[in-house]
Every structure is written in C-alpha cells, then in structure tokens.
Amino acid sequence: MAGSVFGNALKVATFGESHGAAIGCVVDGIPAGLNLSEEDIQKYLDRRKPGQSAFTTKRNEADRVEILSGVFEGKTEGTPIALLIRNEDQHSKDYSDLKDKFRPGHADFGFFSKYGIRDYRGGGRSSGRETAARVAAGAVAAKLLDEFGIEVHAYTKAIGPVQIEKTDLDECMNNPLYMPDHKAYEKASDYLKECMKKKDSAGGVVECIATGIPAGLGEPVFDKLDASLAYAVMSIGAVKGFEIGDGCRAAQANGSTNNDSFFAENGRVHKKTNHSGGILGGISDGSDIILCAYIKPTPSIAQEQSTVTDAFDDTTIEIKGRHDPVIVPRAVVVVECMTALTLADALLMNQSSRIDRIKL
Amino acid sequence: MAGSVFGNALKVATFGESHGAAIGCVVDGIPAGLNLSEEDIQKYLDRRKPGQSAFTTKRNEADRVEILSGVFEGKTEGTPIALLIRNEDQHSKDYSDLKDKFRPGHADFGFFSKYGIRDYRGGGRSSGRETAARVAAGAVAAKLLDEFGIEVHAYTKAIGPVQIEKTDLDECMNNPLYMPDHKAYEKASDYLKECMKKKDSAGGVVECIATGIPAGLGEPVFDKLDASLAYAVMSIGAVKGFEIGDGCRAAQANGSTNNDSFFAENGRVHKKTNHSGGILGGISDGSDIILCAYIKPTPSIAQEQSTVTDAFDDTTIEIKGRHDPVIVPRAVVVVECMTALTLADALLMNQSSRIDRIKL
Amino acid sequence: MAGSVFGNALKVATFGESHGAAIGCVVDGIPAGLNLSEEDIQKYLDRRKPGQSAFTTKRNEADRVEILSGVFEGKTEGTPIALLIRNEDQHSKDYSDLKDKFRPGHADFGFFSKYGIRDYRGGGRSSGRETAARVAAGAVAAKLLDEFGIEVHAYTKAIGPVQIEKTDLDECMNNPLYMPDHKAYEKASDYLKECMKKKDSAGGVVECIATGIPAGLGEPVFDKLDASLAYAVMSIGAVKGFEIGDGCRAAQANGSTNNDSFFAENGRVHKKTNHSGGILGGISDGSDIILCAYIKPTPSIAQEQSTVTDAFDDTTIEIKGRHDPVIVPRAVVVVECMTALTLADALLMNQSSRIDRIKL
Amino acid sequence: MAGSVFGNALKVATFGESHGAAIGCVVDGIPAGLNLSEEDIQKYLDRRKPGQSAFTTKRNEADRVEILSGVFEGKTEGTPIALLIRNEDQHSKDYSDLKDKFRPGHADFGFFSKYGIRDYRGGGRSSGRETAARVAAGAVAAKLLDEFGIEVHAYTKAIGPVQIEKTDLDECMNNPLYMPDHKAYEKASDYLKECMKKKDSAGGVVECIATGIPAGLGEPVFDKLDASLAYAVMSIGAVKGFEIGDGCRAAQANGSTNNDSFFAENGRVHKKTNHSGGILGGISDGSDIILCAYIKPTPSIAQEQSTVTDAFDDTTIEIKGRHDPVIVPRAVVVVECMTALTLADALLMNQSSRIDRIKL
C-alpha cells in the first residue's frame, strides 16, 4: 500500500531509488503567492551533499534541483510543486558483490521479505539518498514558515560519546559535522578518525529548535504536534529514538520540577521554563519547540560480518565502496526539513480551528 | 482540522470529553469473520480502570463497553465497529475553581489558544480519560493479531528512578504498577508514597514487546513501521520520548556492535542479536518488536504553582481533587493498545505489497 | 479496508446496521465556537423519518439523536462531535424468510461476495437506514454553512415519469413527496398508488441548490468541487446518475450556448446564465450550485422474482414487510445533507489556499 | 489544501501546468513484481496526443514518457513509480491577449478567485493537458488489472446529437473520434465540420466498460465503487454528468423492470440483465461495469463573447489559437484511465476484507 505520501493539508509524495534515473517529490498544498526559486531549495540540498569532508562519502552528486511545476513568475500558484533531482554518479558496479547477500543493519532483508525483490543497487529506495527529496520539499516548507517569522534550525548535538557543551549556531556552519561547539567538533573529529581506522562507524544525536511558533498548532488527539513530529523524524532512516523537550529525562522528574510555570507579560502568556519543549497536550504552547533524533551508526562497515544469502545460506560480508563513517552530519538538514514540513502542515491545518477565523 | 482519526487500512475515529455524556470510537476496516465479544474488549478496559490501588485516582467508573455495530452473531461483519462507554462519575464541580486558570503542565493553555474555548471540566478532550477509547479500539486490534499468532505485551519498565531488573510477565499482573519485577515494584511503591507525601508526582517508562511478527510489515518511506509506532505512542498524552530497540543508546554505539548479524536456520533467516528492535529500514525483520515510551510525571499536583488566568493575569494554583500520583501504570495498556492498532493496520496494508499475493 | 470515513478537513465516520443496537457518526473537524443543539440536528432527522405518509415504510422509529461529545455549554469545542441514534423498532423476524436468498437489486450478493457473511437483517449496513447517520452529520455541516450565509435546499424534481413544472420551495414542505409543485405532487401521488397496486415501485430525481457560495471552493485537480459532490451523492444507495448544472444536456449543446458570459456589477463578477451549475474547472464560480441525483426504484417489491440462494441454487422470492414504494422523498434530505457536508469540507479546505489569508 | 492526490491503497499525485517545464505523476502503491515498460505507458499517451486529425488541436507534443523510479530490471519494485512528460511546444505567446480576461466556460475566474493569481498560459493547471498525467498513471493501473484478466475499454458514444447505434470495438480505433460505429462516425464528422464553420464547438458522451471484474470490489458506505468511479470521472475537466448502468433512465423505471434477476450456472451467480451496471450497494456484482461521462462542448470558441477583465470591467473576447472543436475523442482514454485507476485501487483495498484471506 502507498507509503510515500506525507502530510495532511500539505502533502508530499516522494520517489526515487539511489541508482535509478532520478529522485524527487511533489509538494501539494502550498498556498499561492509565496516567492520561491530553485536557489531557495538548492541551498538546503547543498547542506546534505556528499563529498564535503573526510567524513562523508566521496560519491559526487551535484544534486541540482529543477522546479517542474507550481511556480509562475517567481511565485507559487497554489498548484503542486514538482521537484526533480537527477542521479548522476551511480556506480552500480560497486554493489554487484552484494547482489545476493543481506547487509546487516540495512533494510535489504526487510525489503526482500516485503516485496520479494532485491534491488541491490546501494539500497535502492532504502538508501539515504532518498532523503534528498525530503530536503527539497522541506526547503519549500521552510520558505513558507519564514513568511510568518518561524525559523527551524538543527545541528549535531553528539557524535558517539562526544556531546556539545554550548550551542553557538554560527559555529555550526563552520565545521563539517555541523556542531555548534568548536571544541566538541575537534573531539568528535578525532573520535571519527579512530572509528575509521578500525573500519568501524559511529552514531550521534541531532537536535532541532523551532522559534516563532504561535500557540495553537497541532490537532489532538492523534495528530498532536509532538506525535506528528515523532512520525516525521522517525521516518528518517537510522533514527532509533525521539524526544520532545526534556524527553526521556522527564520520566525521572517530578511534577513539581517538570511542570513549566506560566506568567503574563505584555498581555501574552509565557513560561518560566521549557521542559515541555514547546508542546503541551499535543498543541504548541508558544515556546520554542525542541526535539532530538538519536541516530544509529552507519551500518555499512568494512569489517567482516556474518550474514545470509538470498538463498538463505550462511555467509560473510565485507562492505566496500563509498560510505559515510557517520550519518549524523548529513542527517542534520534532513531532521530540520522534516520538522519544517510538519510545522507547515500544522500551520495550514490550524486555519480551520475556530469559527471566528473562517473566511469566505 | 480533523485530528481524531487514526490509521490507514484500519481507521479509528475516537470521541469524547472527560465530563461529557460518553466516550468511544468507530473502528473501521476490521476484516469480516473475526470472533468478537464485549468481554474481549472489557478485559482490556478493566486494566486501565481507575480506583484499583492507592496510586490511581479514586474516580469510580465502571467503564462498561457496549458494541453498537459491526458484529453479528458473534462475528465481525467487515463494517464499522462502534464502541460506546458512558461517563458516569463526573463530579464536574471538583473543577470549578480551575475554571479560569491554566494548569501548568496541562493542555489547558494550548486548547484555549487553538479553539478560543475553555472546557474546564477536568481537561475535557485532553483528559487521560480519552485513552479509554484507544484501549477499546486496541482490544479489537489485539483480537485480530491474535488470530495470526501475534501477541503484544506492555509493562512498566521504570517508575521515577526505580528500574526493573528482570522481566517476569506473570508478575506483571500481580502488582498494581504492572511491573514485571516484584522487588522493583516494592521500591517503586515506596518511592510513590514519598512523592505523595510531598504533594508531588512521578513519571516512568513503559516497554512494549510484540512477538510473532512476520518480516515485511511497514510501508516506506514515510509509513515505516517504526515511524507509525512513534506516531501512535507519542500521541498518548504525557509521552515525551520514544525508542525502538536500543533506541537512544544506539547513538553511542558503533556499527560493529549495533548491527545484528543474520544467520539461517530451518530455512528461515534469524538475527543473533536484536539491537534493531525488530525493524530495519522501516520494515519488520521477523524479530520481536521492542519499544519504549517515556512518560512525564502527572502534572496535577497539590503544591502551589505559579500560573495565569484566562484574562492573562498572574495567579497561583493548587490542584485538588482525584489525581493519580503517577500516570505510568494506567498508561501500560494504552501503549499496548496503540501498538496493537499500528501493527494490525500494518498487517492489513501489507496485503497488497506483492503481485503474487493479490487475490481476485 | 476502511470505507466509512468521509471528507478531508472535515471528516465523518459513520456506523450502524439497520437492525443492530444503534447507528450514528463521529463528525471531526468542525471549528470551535459554533452554536449547536440536538434540536438543530433533530429537525433534519425528522425529515427522513419513516411512517409519515402512505408512501413511506410504516417502520416506526423515533430516531432521537443524542449528542455524546464535542459540544459544551451550547457551543462546539473543536473536538469530535459524536451523534447517536438508537434503533428501536427492529422486527428482525420480518426478514427471516430472506435469510438464505439474495434479493434482486439489493446489495446482498455483493456484501456476501465481499465479506463472506450474510447479515440478513433488512440489509444490515446496506439498508437505507444507514443514511440517518449522514443526515445527522449533514445537519451539523448545514449549521456551519448557515453562519456564512450559505443555504442548501433539496427537493423532489421527478417521481417516475412525473416532472415538476415549477419550483416553489414553500410548497415543498407541504406534501409528503417534498415536491415544489402541488400539481406535480398530485400526479405523482396517483402514479405511486398505481405502482403499489401492481406490487411495484418507482424511482425519481432529487435536485439540490446551494446559494450564497463564494467563488473559490474546490481543490483541483482531483478534489474538484463537482467531483467531490458526485462522490458524496453517488455514495447514497440507489443513486445511479449525477449531474451538475445542465449535466447530461451539456453533451448536446454547443460552446456558444453552453458558455456562461461574465459581466461586472457593483465591483463583483456575475454570470448571465448558469449552465455550469456554479462550478467551473472544479472551483465554485460564485453562482448557485445546482445538482441532480437520479434514483432507481425501490428494489424491494412484493412481486415474485427469480433469484438464487446463498448455496447458489435457483429459487424465487417475494419480498414482504415494510418497504417504501419510492425512495425519493426520504432521499431528499440525504442529498441535501451530503451536499452540505461536501460544501462545509470545501470551505474549510479553502482556508489555506492563499498566503495572504494564512493567520498565525 | 492539497487536492492533486488521488486514491487510497493506490495513490497518484499529479503535477504540471500546460506551459510549464513538465507534467507527470507519482504512482504509489503498485504491488512489486509487475512487468512494466515505458512502451506500456506510451501507447496510452499516444491515444490522447493532439494533432491526430482535423478535430484536435494542432499543438504538436511528442508526449514521451520517462519512468524515473520504481521499476528495476523490467519489474515494479513496490516503490513509487514517477512518470515524467516534458512540455515541448509551448507557444506561450498565443495566450498573451487573454492575459487580463476571464474566458467564459473556463476555470480562469475560479482559479483567480481561489488563488489570487492568474496563470494565463493556456489554462495552466486547469488545461486539458493535465490529463496526460492521469493517462500515464492509468496505463500502469491497466497493466496491473490486465494481470488479473480485467479489461477496461472506453469509446465515444455520442458527439453532439449523433449517437452510436452499435458497439464495434474494433472500429473504434479506426476513426479519429473513437466511435465504435462507422456510420455514426461519418455523421459526427459532418456535424463537427458544421460546428467549426460556425466558429462553434460540440460536446458528447464517453462510455466505458470494464470486464472480468470479480464480485466484491468497493468499500461501503462512502468508498462505494460507483461513488469512487463518479469522483474519478467527474474530476476530469468538462464532465458534467455521470451514470452507472441505466443511470438517469433508472429514475423512470419500475422495480420490476429495473431489478436484475439472479440465476446460478456452473456454481457461480449470474444476472439475467445488467441494469445495475455491475454494481449493487456500492459493491461489484460480477457483471460488466458500465459507466457514461457526459462532456460539455469545448469552451474555447472563436466567436465573440461577453466577459470581464481581471480588474472587473466588462469587455469582449474572441479566443484564437489551437483548440479542439470537441474534447470528447481525446477524453476517451482519460475516462478509461480514471476507471482503471479506480478499479485497481478497489482491487487492492479489497485484499483485507475477510479474515480468511489475510496472509502473514
């Protein structure tokens, strides 16, 4: 059954395998009248582009986006916006020795079980390359949010055991790991080099903050804002844990310390703290939204691993080819974009919540 | 916009406020021919019923479910199954002094911001009472899964700082905290009494295991099984973190330790470990599915807290009335039921994945 | 797969078999702040109530609606509105001799083929009784539209060969066939008596007009307003044809006669004619919306008919019991309500069409 | 709000304006393992290609389709199938004199009212060119149906006042009007030449028959097969009426003549007649499905018409450029494809209707 369509008022249908002709998406439901150019989207795609440092695959994709529809004279028309990214540097041959083996930690066996088909070309649809379409769509959502003063920023919070100790968003763009703490970046860099020497890989944490959010977004009881964010972020490959606000730590807190007290200032309601991460009862409370995605280590490693063939015989595998020793830095913009898509959808859904706001 | 409809092939629409006439749901998409009785559902509802111990509200609701439709001569008809639970012990007066104040940690302010209306009757739609409808629906899903040898079991993994050290599912039903470790239960019990003395509350962790799952469930790239589970579980009020398999710990692991090796036995594929929690690439891999929900402390506490009125003036609040010092034990069956609904939906969605399985 | 959930921004899930415990619906997505009482809904239900004339079944149902949720202190809360109608006069015994035969013109065989189950109790889910839930939901939609000056009126345009020659909406409520032309009513009445004498039944046409519609409703290219109306109206049992505006007659017209010329008056755009029925390119054009539903004769007739048993043996059948000789008069309010639901949904969906209308 | 996504188990998202870079679609939910090539799709597209006769616009588009994803080694993978058709012969200049006028009978005014934007390039999203994406998607659905012996055929039943008198499907492909009756074609051809002389246009009727349909497709009470077909067909621009089986004629029939008697033969149930058009109670009954689409005359005519400017001033308009004098022949394959998509979706949805058919 169809599973590649995301969203409600704003829908995104993505497509594409890693080594097929192209990847892309259709973004349907963006209001008419938004300024939008290919450059607006390209700058997001450039942030997830491979080949930017020692820590990302050398696969060389220009990843140029083309707007196929939905924009006329520089403005959105209210019609579906189709975005296309051609696959260029496909190197299918690299994968030929994996043709009949299931890679541990990868989707190979699940896809084979489900579809009875083995697309051995670097993961096919389950490749991380699929996320480029999410980024393209998310860039459009971010442009929409920007019109209303809503900003979304993600960064690397941890690489393996190395955690950030400060959050300097400017620093973030100065290092290839997108860490907002230069010292942490240096330590993480050393850690990754160590992993690579051992033919091993690392995981990490992406944090994402959205500012300028009005109170009132989210549609209980199922399409709560935090539930929708969890769905969006957990649908990114390799994410194994999700937190909103204090997240898992809240389970050990007490009501007296976890509750955020309200106070009034300038005729608006504020909170003294933000343990809730900006969402109460599934609805935004007007504070910053803060979420974390916990990402597992890259499953492709050059060490020998036990596995089975597609004829269900035991064998071993060593995964060669171009693979990031850590997924996290390239996942940063993906988490940001899935967050932006979810918030934009929530913003549009909220337009019909109150009778005094309905317009003919 | 409508936000109380859950699912795809299997859809559940829930309704009901805590102090209105009734709560319930419509479960649409259950295949015809399943044996189903009110007793099948009632035994799940009884597990979340209040008033069962010192740690749950004394609100006394029989919570009797009535099947209104969709079942004929003891079997489902393939038509929508409507389930009704009357509200009985409503005590609206208890809440009258909260009428114009926003309770910290609660949904009050969000709901007011969104809808411009204040349903002060114990939370209205945002009350935990809403979850009874989820449990009723989930019981039907569990009955369906049971036909195919799939079982779902949830239990309390931690209460505040007290963690279980073993998982004895039989013990689980012997203590009111649903902990599968009697010693941990005793410690947790002491901890909760301490909290109550301080007019404070506690959080905790619910773990859920599903066994008998075939490989192949989940619909990438958005309706991945783990994304759908995250959505389902995070839509339960008070859940602030979600993990699948090793969850957040995976972020600190290495590929060599986090990957699960495959091996063949009796013509089937197995995994030596289950760090993945039974899901790879968003598709079930045939191992047990394991997930955790991190639940915040009950926000209703009798201590004085700072807050604001609905006229946006500063004030203080002390929340009296009947409130659980910990939500966790009653959330256990809710997590189990949302997991069952998600798995049942995934099972039905997967029926059309391969051309060689399509039947006229 | 779930098929009893209608709508997009506004969703309606209906449930109920003709001879089960109850029928009803959950209406999710109605904005908060709308005045709504049971009486608002009851007056619509009373219009489709049986037992009102010689031409409707004598089955005697009070069809009292109960609002179970979503309304607080007389106003909608933005949460799901559940509506319940108990079945009272069920007479299951009447149907026992049909238990193993498929009635010609009825859904029996289709339901048996699909679900492998035979609910012989008067059609079960396929009974016309199901439409009471649509009427209850539609009454809520009509109340919402009314706030914005949008009115929806349906009436009987034809009974068998008898067509109306004028449209006097006041007359409409004065005769049990809901015909807006007293002379046509008298002729139709004679025609129906003739049919009844022959143990036969008749069909007819329902026309529906919506006034006060703003230009701009409808979401191309699939959720066009006329496509959505066709879906809504054709989902009513026994409707075999659907027209918007000139409908089938347009196929024989020429562009020069079928096009509606525009003209400007008082700063607004008007049309000199309304062949389009108020919709152009799937979007409302600001004129009245006009649609027709063509309804087949009641399939339950007392004449002997050839059919088969559920063991697939040839047999004959004579359908006794209480059956309307014509469905049309009771279908009038159903067509009106499905139109209202579609327009209300379109109104809410249109809130996010333009960036200059989006509100934080 | 998003309105360009069609379907349930099988979803199709289309995109594209008539004079933008490209049109196309994402087809999500096709089972894995179906043989599919570009040629399978191209042959459907070639049937709606312009420039094939005196009666279709001379706009010259090769309309070559490219499969961007979802097919590997000649078989579908179960992943989204993206189909791309570049726009080539765009001639935007032709439309420049229409830039500030609303064309009568066209979507211009509705789109302007809804989106506040005027895409004057030949209709933009409301152009008939949009249907090429439907045809591409429908060709994939037809390929799926073909695997199960289900065939869908549409043809022209009437052009203006000229009706066919026989249905010779072979003849159908021999004349540019796709009429299955050569004599009727000749008369229609004369009629159209007459219209063109008068600078006028004509409408007509498309009929569609689906054979090999199993009993049991359709999901009551809303997603009935006839309601879904009505939605699909009425979403095609210019369709103003829809019928299933006897359609509008059923309204004048009696139960005794409209009911189809059942009989048994070779252990299967058959019907002596097919007034129902293959659908009873919203579920296929195993007979051929027969539907009709009534299509209005082309609104673009070279005669002078009264209209208004986008500044809401009265003016006149004469529409020059390349326009079909009749839409019907090019709509034939579009009706066929929307029918195929609806049936394929219904087939997939039906996989989960009965517990004895569910597979792990």
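Each chain carries a letter (A, B, C and D) given by its place in the written order, and its residues are counted from 1.
Going forward, a contact is a pair of C-beta atoms (placed from the backbone, for glycine too) under 8 Å apart; a residue touches a chain by one contact, two chains touch by 3 or more.
In this text the structure is predicted, and so the values were computed from the model without any measurement.
Asks: More C-beta contacts across A-C or across A-D?
Replies: A-D
Asks: Would you kindly say which chain has the C-alpha centre located farthest from the C-alpha centre of chain B?
Replies: Farthest by centroid: D.
Asks: Between chain A and chain C, what's the gap in Å when you average each chain's C-alpha atoms?
Replies: 45
Asks: Would you kindly tell me how far, in whole Å, the mean C-alpha position of chain D lies from that of chain A?
Replies: 38
Asks: Please list all residues of chain C that touch 2 or more other chains.
Replies: Where chain C meets two or more other chains at a single residue, that happens at 1-5, 8-9, 14, 29, 32-33, 78-79, 114-116, 125, 214, 220, 348-349, 351-354, 356.
Asks: Which chain B residues qualify as touching chain A in the complex?
Replies: 1-6, 8-9, 14, 102, 104-111, 113-116, 125-126, 130, 158, 160-161, 195, 198, 200-205, 214-224, 226-235, 237, 240-248, 250-256, 258-264, 267-269, 272, 276-277, 279-286, 294-301, 303, 305-308, 312-314, 349-354, 356
Asks: Which stretch or stretches of chain C touch chain A in the complex?
Replies: Residues of chain C touching chain A: 9, 29, 31-34, 76, 78-79, 144, 147-149, 214, 220, 347-349, 351-360.
Asks: Show me the residue ranges of chain D that touch chain A in the complex, using the header's touch definition.
Replies: The touching residues are 1-5, 7-11, 13-17, 20-26, 28-29, 32-33, 66-70, 72, 75, 77-82, 84, 114-117, 119, 121, 124-125, 348.
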